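Okay, so chain A shows up in both of these, paired with chain B first and chain C after.
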Partner chain A sequence: MASFWGPHTDNPEKTLFILGALVTGALFIFALTFVPRRARKPLIAVVTFIGGLYFSLEFLIAPRSSAEPFLLSKGAFGKKVFELLYAGLDPDQNFLSPYMQGLTNAWQVIAGFTFALGLTNLVHIHGKNILQARKNWGFSVFFFIGVIVMAVIGFFQRFGAGQKSPVWQGLWRIATDGWLFSLDAAMFSLIAFFIISAAYRAFRIRSVEATIMMGAAFLVMLGQVPVGIWLTSWIQPEWGFLYNLRLENISQWILWKPNAAAQRGIEFGIAVGALAMGLRIWLSLERGSYFEKEV
Partner chain B sequence: MSHATLPVLVFEGVIVFFILWKILSARRGRELYIRRIPGLSAIDEAVGRATEMGRPIFYSPGIQGLDIVGLQSLSILSHIIKLAAKFRTRVMVALADAVLYTIAQDVAREAYAREGAPELYEQDDIKFLSDQQFAYASASIGLMSRERVASCFYFGSFFAEALILAETGHHVGAIQVAGTPQITQLPFFIAACDYCIIGDEYYAGSAYLSKEPTLLGSLVGQDLGKLVIIAALIAGVIGVSISPWVPAGSIVLEWFKVGK
Partner chain C sequence: MTVFERMQRIDRRVMYVLLVAVIALPMFVPFKLPTAITPEVRGVYDAVESIPKGKLAILSGDWGAGTLAESLPQTEALMRHLFRNNVPFAILPWAPQTTTLMQNTAERLAPEYGKVYGRDWVNWGWKAVPMVAFLKSMAKDIPGTVRQDYRGTPLSELPVMKGVKDIDDIGFVCHITPVGNIMLWVAFIQAVYGTPIAYAPTAVMVAQGYDPLDAKQLVGMLPGLVGGAQYETLLNDPRSGVRWSNSLSLAELLMIFLIVLANIGYFASRRAGGSGR
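Let's turn to the complex of A and B:
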């Protein structure tokens, strides 16, 4: 306990940073509540624009490794600009890069406060379930037991004497390896069964497209397993073009030619779509839902 | 840290120019056409079905936090809530990110208020379940099964939980509409859901549903941007094909080279 609330032995500044971030974040959020309603939307627009401008320019402005040869070839003026903007930076940095980590940390601190709101919502819902004895209220009791037990064990195994206590360390292993990871694994294993039921429905021959998909999937799967490879292993490499008809080659061709081409096509569309939406949000041009109302 | 190369700068500049140009021309009143997207048209059908059956709607924006994908998801959520509010149908939203949760609450409250039914807003229906992937999946499928939801919507970033959600939705007999820019999860949604929007259709969602001139203009700009990419692809293919014999081919390839 003492090592958490007191100075950290490994890094004494850590405590000050944590407390500083906590206090500054709380003050910042508290100050925002005093902003008049009329000014909130313009404030969001301005902050979004400045933030977007920073990240865009940080990406678009050349790093030192590219700018250095160019600027130094431009004589005394270029050298002055280089010394002003790039001196002392890493090769992959431009003059905006050093602030990136600080801004990202600030965002994480602000986002961290919202976690308390999420937890409040859970406590509210499950607390109401228990107090009003709603259907399945027992699950809500388990929620509280889970949260409290994990928090207590997690806290004591991490700080103070618990760091070296075999009891707390053992309890932590039971809570994580024994409970949490096992439950995670159980949920993950559901996918194996769901894949079969979903694939059964998807591969039913109902249309030309479904038939093509089933045929392609059949060939790809067959080309990945030993029996499939064995089936066409009699086709020899020296047979030239016919060698392409071995099942593993057909499988690889389907995966890396038509399939990869289609995926890249979709990726291009997604990238352009994301760029357009990012642009609209940056310039406060987005309309509909959250962006239209008076904040 | 990665930074833009000259080709990236030029391409991005051209695409941004097209998008802004089309947004401005749409705002000046130019009529723009948008093709029918079956997955998005199915939203009305799914909301209607839940209303007829008198059962709730389930909405999941995925497990990623506040980003472009999440914001687009909230736009679609807003449309669905407005539609559901008209018929007084309950919408349950399951969230895995605390930041998105706070915004989703606001979006829901606002959407009900806009439809003149602020009393329909239930704080408990906008649920923060867990920020752990499988805890979220587990809580979501429990919710879907217990409430016997009639319609499920999955719009956002999904990972391994996608199939768990979609198959549970199928087993409870819900009509399901999904959309994600996550290419690895698209096959699962296509296999398990009734309607699926793919690729950049996801980002066309708000334009398609709202018919806002700004958004429609942006969509046309995106299409022009895609034409630029297609032109670059063709130039690249020609460059590769002719580079052994024609020096111009090598120049094209050199210009497109990544990581200069």
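Let's turn to the complex of A and C:
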């Protein structure tokens, strides 16, 4: 049975490691607060650059299976390089791959801190709403009720005796199936009402482009659903070319041909943009609201 | 107000009531409509059928209750197929909600096929780690990356994970999602290791899937709720996907009817000298 410390309660050494990591991490963060303001941006830039460099090189450098025949064919020097960089590695690994695991774990820890940061911000904002009795402060009360109730039930059903307790498991079912999922599904389903109202009010054939778009939309929509298939199901496969006029076949052609081509163009553009954006962030060249504020 | 102007100004509350009625109708008055099996859905079915013995399948998902009407029939149909074919699988959730929703689905279906958690399927649980880092790491070392299941049990203690080391031990992946992140699976897994990847998006994301499908980077796709319904038809086991797609059919018909009505009103009132809206 998993405890708060995970599956290693019977291993005191592991628990000590966890405690040690926790204390070291806290001390490290505390030490970071003493970094002078002028040095904070360069520090972030250096860490970002090293992180980006590692992941790029790990992806690009040849794995052992490709590098081995090449290096071994280059005589004694090649053999030396191979032994230095690739000896003992799996065929699909290069000399950077063994560190991937540790970095991914570190990433999880950092992600954990971001959740804590998000929660702190929410508590700060909603706490202020209540204390200052701002407009709609009642919603903020519900925020606290939601967070506390879900956290308490989630914690006790997950750890220790709660895992086998029908009370905690039942409460968890009510909190998730009964409240969270129902509220989420209900909120998302409202989109259907917005869509039907917006499509009715806004979709007017005012130009050739709008006409083409509406025609394509109707054909694809109908060709995807059973009722559309039923509408032209009287067209038989043995009718030759006419069989192409079934709604599902027209819909498939639009999706597989013009749509795929357009998507490819869009994605190509996005990929080039993402590459440029990635380079700017990696080299800390990006400017704007999130990058120029004092840290 | 003329008739043509009225056609453009139907009260939205009337539309809402009509929408509720057409969505609810097939649930109270069931009827059967034909289903065409599209090549993309057939592709997923064939890929599951050809998973080599001894390999694990991954059902990756980041859907929540908000898209349950589309993602649940897809998930359920895939799980039924895997259970039926005795293919062990791992649930790989990318959000906390997905962990519970997919686990509940598997737990509900497993008794029908005599399947047991840990032996026939496993839930790797949600990890707070970016998808790219996880995929790159998982491809080379699954036990080292995943470490424990959603309950904290080490993977080494679960029989279903016996012999599963890296991506070479994975025979099929289906990413069930309302989000446009399928290209990460394509870029970091399919393109590098050749693992068969299928895509089960919600209907709004379907258009994005045809590019990688056309390039053979995906083995197939379940387009939204209708994809789930087609898959159920292929399994010869029509369930919620087929039932709910009838509601979808009527809702789409209603929307088309309203748009056509408004446009008739628009053109007629313009011809009559009005401005239209």
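In this section, the second predicted complex is superposed on the first by the 223 of 295 C-alpha atoms of A that agree within 3 Å, B and C clash if a C-alpha of one lies under 4 Å from a C-alpha of the other, contacts with A are read in each partner's own complex, and residues count from 1 in each chain.
Methods note: contacts are C-beta pairs under 8 Å (C-beta built on N, C-alpha and C of every residue); 3 or more make two chains touch, one makes a residue touch a chain.
Note that the structure is a prediction, hence the values are computed from the model and not measured.
J.: When the two structures are overlaid on chain A, which partner does A:D92 contact: first (chain B), second (chain C), both, or neither?
T.: A:D92 contacts both chain B and chain C.
J.: Which partner does A:G240 reach: the first (chain B), the second (chain C), both, or neither?
T.: In the superposition, A:G240 touches no partner, neither chain B nor chain C.
J.: Figure out whether A:L275 sits in contact with chain B (first) or chain C (second), or with both, or with neither.
T.: After superposition on chain A, A:L275 lies in contact with chain B alone.
J.: Quick check on the superposed pair: does A:P166 touch chain B, chain C, both, or neither? Answer first, second, both or neither.
T.: After superposition on chain A, A:P166 lies in contact with neither partner.
J.: Does chain B (first) or chain C (second) touch A:G75, or do both, or does neither?
T.: Touch status of A:G75: no partner.
J.: Taking the superposition as given, does A:Q263 touch the first partner, chain B, the second, chain C, both, or neither?
T.: In the superposed model, A:Q263 contacts both chain B and chain C.
J.: Counting only touches as set out at the top, which of chain B and chain C does A:P36 meet: first, second, both, neither?
T.: neither
J.: Would you sort A:N121 into first (chain B), second (chain C), both or neither based on which partner it touches?
T.: The answer is first: A:N121 touches chain B but not chain C.
J.: Which partner does A:Q224 reach: the first (chain B), the second (chain C), both, or neither?
T.: Only chain C is touched by A:Q224; chain B is not.
J.: For chain A, which residues belong to both interfaces, chain B and chain C?
T.: Shared contact residues on chain A: 58-59, 92-93, 97, 100, 111, 115, 183-184, 187-188, 195, 197, 199, 201, 263, 267.
J.: Tell me, which parts of chain C touch chain A in their complex?
T.: 10, 12, 15-16, 19, 23, 33-36, 38-39, 64-69, 97, 100-101, 104, 127-130, 132-134, 136-137, 139-141, 144-145, 148, 151-154, 166, 183, 203, 206-208, 210-211, 213-214, 223-224, 226, 229, 245-246, 248-256, 258-259, 262-263, 266-267, 276-277
J.: Quick one: which bits of chain A touch chain C in the complex? Just the residue numbers, please.
T.: Touch residues, chain A against chain C: 2, 6-7, 55, 58-59, 90, 92-93, 97, 100-101, 103-104, 107-108, 111-112, 115, 163, 176-177, 180-185, 187-189, 192-193, 195-197, 199-201, 203-205, 214, 218, 221-222, 224-230, 233, 248, 252, 255-256, 259-260, 263-264, 267.
J.: What part of chain A is in contact with chain B in the complex they form?
T.: Within the complex, chain A contacts chain B at residues 58-63, 66, 92-94, 97, 100, 111, 114-119, 121-122, 124-125, 128, 135-136, 139, 183-184, 187-188, 190-191, 194-195, 197-199, 201-202, 263, 265-270, 272-281, 285-290, 293.
J.: Considering only the defined contacts, which chain B positions touch chain A in the complex?
T.: Counting only chain B, the residues touching chain A are 1-4, 9, 12, 15-16, 19-20, 23, 65-66, 68-69, 71-72, 74-75, 77-79, 95, 98-99, 101-103, 106-107, 110-111, 114, 123-124, 126-129, 131-135, 137-138, 142, 146, 160, 163-164, 166-167, 170, 181, 183, 186, 188, 190-192, 198-200, 202-204, 206, 209-210, 212, 214-215, 218-219, 221-222, 225-226, 229.
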